[in-house]
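Here the structure is laid out as structure tokens; the discussion comes afterwards.
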Amino acid sequence: MFIRKQLPVLVGFVGGIIVLGGFFLTDPSLRKAASTVVSWRTTLAAFALVLGAMNLVKVNWNRASAGKPIDRLAGLALLVPLVIMVVIGLTSGTTAKVYAYMYDNVYRSGAATVFSLNAFFVVSAAYRAFRIRNAHAALFMVAGLIAVLGPASIGAYLWGQLPVIADWVLKVPSMGATRGFEIGLALGIVSMGARTLLGIERGYFGGE
Amino acid sequence: MNISTELTVWIAALMTLGVYSFAFGDNPVYRIISNLFVGVAGGHSIVVGFLHLRNAAWFPLVRDAQLLQLIPIIGGVLLLTRLLPDKRVSVLGRVSLGFMGAVSGVVSMQGALETNLLRQVVATMNLRLDNLNNIIILVATVCTLVYFLFLHQGKYSKVINPISEVGKYAMMVSFGYIFGAGIAGTMTLLVGRMQFLVGQWLGIGL
Amino acid sequence: MEKRDIWSTLSRIDAKLLYALLAVFIIVPLIKPLGLPMSIPAETRAAYDFIDALPDGSLVLLSVGTDPQTEAETWAQAIAMGRHLLSKKCNLVLMSVNSVGQPYAERLASILQEEFGLEYGQDICVLGFRAGEETAVAGFAGDFLTLYNADYKGAPVKELPMLKGVSSAADFKLIIDYQYKASAIWFARHVGGPHKVPVIAGSRASSAPNMMPYYASGDFKGVLPGIQGGAAYERLLQRPDQATKGLDAQSMGLILVILSVLIGNVATVMGAQAKSKKA
């Protein structure tokens, strides 16, 4: 139907063409219109942020309402601090003491620790799974070892030339490949942008 | 050893140790703690989302009488209908999604054209080939591009395939470097948490 | 029961032993630093030299995309560069394109205000977070005062003394970005290119290879790669701090990773050879 298929593509096309026109043409009113459309996009992004968080609430409300005791406890463990943060943040701002304490000591500590857990798994994987089976893997491993040791202070201690070699790898072969990758990526972005503008690419609509 | 007596340090330390318990297997303590900080992050997202809306949409509407701000606000409300179970209503959110997707696609496109594409091509063309390093950069760039753009060209594969193979080797070097640097970064994260546990919580002189 | 040889035993080591070893390798150098040498990457020195050459009182934008995942690598960079900028009496505008980064921007402002006795609104301000990622950066570039019309507390930006007369992104003398996804590249695309504002990228170590093409083409005036970049900048400022303290421990952790790869590979190869000999 029109609202489901054609209208979103039409609205997107109009918005996208205004932004594209503002980029390529120098007319001041068109550029102003393009800036306005971009700022509207950021407003919608803020709504999307709220939407994502509210979806989290919806899913965990269902968990906290039914299911095994541990699932209900886990659901509550998510909802209670979420509500506290929202109430304090919207009434007293993000600089309120309790808000800042919860952010620093609950979120920052927990999230940073989750990512740091990977270090343990990396050591375990390095021992059990990192195997050199062919030329590509050997090159991958050698470059990886140079990246690990070269910039680190132990590298300079073990062999003075190691940081120099690491710098060369970073700025010559690796940079060449990355540059090729970035140019290819740019072509892909232009192609994807054009497809999105014309409504050929519609994956971002999600289901139904 | 001078163990901290501050409540906030103890909360952070218990959060840290609770998460590290996952290294010994999934357990209820880890699940509760991970949900705690996801909840805090979720609440924070709602707050900063609202603050953006207040500053960039509400204030211009109310303080400066910019009535056009009603358009993105209405678009945002339509977007929120995606939460509703009734598909006849939630379909309205697709209009906002269409706008968001197209505008961000065009924004990325116009940015990538000059910086990613033109300036990188110009920088490659400006390489002076009296220097072995520049020759290696040029070869790696071109071969990597050939790999991405001309893979599986049946008729010309005898020419394309060897060039692509060189590109693959160049990419292995790059990805290997990225992987190694990623490991170094992960180790840095662990060092950061250990600095907190040992220095701030246990008070062992750092 | 089959007699196990040393290679079989080595290849079946319990992961928890490795975890314990890693903890020891990290904690010992934190308590007793090893004093290992450090090199200064050329791209970090370039960033330092560029900031050093800025005229006093320049208006600088700090995009603080730091979050718990990148904090260990980019936070020390932010503190060190903030100190350098303020030693040159630069006016700092802080913002974030990462929803989780706004508290970091607020905290950075608070730390620098306290250390240098700055007045909010006169020497430093925090514009806060705007959603949209690359679109927010494009919005900043296109019409700065429309998108960033209020600071993080809601006060009108036009009333901040330090931003009087500032009407567009081109009025900034430098943008320093602390990585959130590809944020430095977004700034180079939308502000660096069109408005010719120099950009310096504070990045994670794993993103440094992706930043190099932009550094080589001149889009970035400098790059700080991970904790090494932060420690190198502290060394150039002659003020060792967090990044420098963590380097030795990071090195020992990395040594364990390398030993694990080597011993694991050797154990597998020798174990396979021993098995085929028995067969």
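Note that the chains take the letters A, B and C in the order they are written out, and that residue 1 is the start of every chain.
Everything that follows uses one rule, which is that contacts are C-beta pairs under 8 Å (C-beta built on N, C-alpha and C of every residue); 3 or more make two chains touch, one makes a residue touch a chain.
Computed from a predicted model, the values in this text were never measured in an experiment.
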{"item": "Set of chains adjacent to subunit B and to subunit C", "value": "A"}
{"item": "Dominant chain pairing [most C-beta pairs in contact]", "value": "A-B"}
{"item": "Geometric centre distance via CA averages, subunit C-subunit B, whole Å", "value": "14"}
{"item": "Distance between the centres, which are taken as Cα means, of subunit B and subunit A, whole angstrom", "value": "2"}
{"item": "Subunit A and subunit C: spacing of chain centres that average the CA atoms, whole Å", "value": "16"}
{"item": "Contacts with two or more other chains, residues of subunit B listed in rising order", "value": "23, 41, 44-45, 48-49, 51-52, 56, 103-104, 107-108, 112, 116, 120, 123, 174, 177-179, 181, 183-184, 187, 189-190, 192"}
{"item": "Residue list for subunit A, restricted to those that touch at least two other chains", "value": "36, 38-39, 41-43, 45-46, 48-49, 94, 103-104, 107-108, 111-112, 115-116, 119-120, 122, 141, 145, 148, 151-152, 170-171, 174-175, 178-179, 182"}
{"item": "Subunit C: positions in contact with at least two other chains", "value": "19, 22, 69, 71-72, 99-100, 102-103, 130-132, 135, 138, 146-147, 152, 205, 208-210, 213, 216, 225-226, 250, 253-254, 257"}
{"item": "Subunit C residues within the subunit B interface of the complex", "value": "16, 19, 22-23, 26-27, 30-31, 69, 71-73, 99-100, 102-103, 128-132, 134-135, 138, 146-147, 149-150, 152, 154, 156, 185-186, 188-190, 192-194, 204-206, 208-210, 213-214, 216-219, 225-227, 242, 245-246, 249-250, 253-254, 257"}
{"item": "List of subunit A residues in touch with subunit C within their complex", "value": "22, 31-32, 34-36, 38-39, 41-43, 45-46, 48-49, 93-95, 100, 103-104, 107-108, 111-112, 115-116, 119-120, 122-124, 126-132, 141, 145, 148-149, 151-157, 163, 167, 170-171, 174-175, 178-179, 182"}
{"item": "Contact footprint of subunit A on subunit C as seen in their complex", "value": "11, 13, 15, 18-19, 21-22, 36-39, 41-42, 67-69, 71-72, 99-100, 102-103, 106, 130-133, 135-136, 138-139, 142-143, 146-147, 152-153, 205, 208-210, 212-213, 216, 225-226, 228, 247-248, 250-258, 260-261, 263-265, 268"}
{"item": "Complex contact set, residues of subunit B against subunit C", "value": "23-24, 41, 44-45, 48-49, 51-52, 54-56, 59-60, 63, 103-104, 107-108, 111-112, 114-116, 119-120, 122-123, 174, 177-179, 181-185, 187-192, 194-195, 198-199, 204-206"}
{"item": "Partner subunit B, residues of subunit A touching it in the complex", "value": "3-4, 7-13, 15-16, 19-20, 23, 36-58, 60, 70, 73-75, 77-86, 89-90, 94, 101-120, 122, 136, 139-148, 151-152, 168-187, 189-190, 192-197, 199, 201, 204-206, 208"}
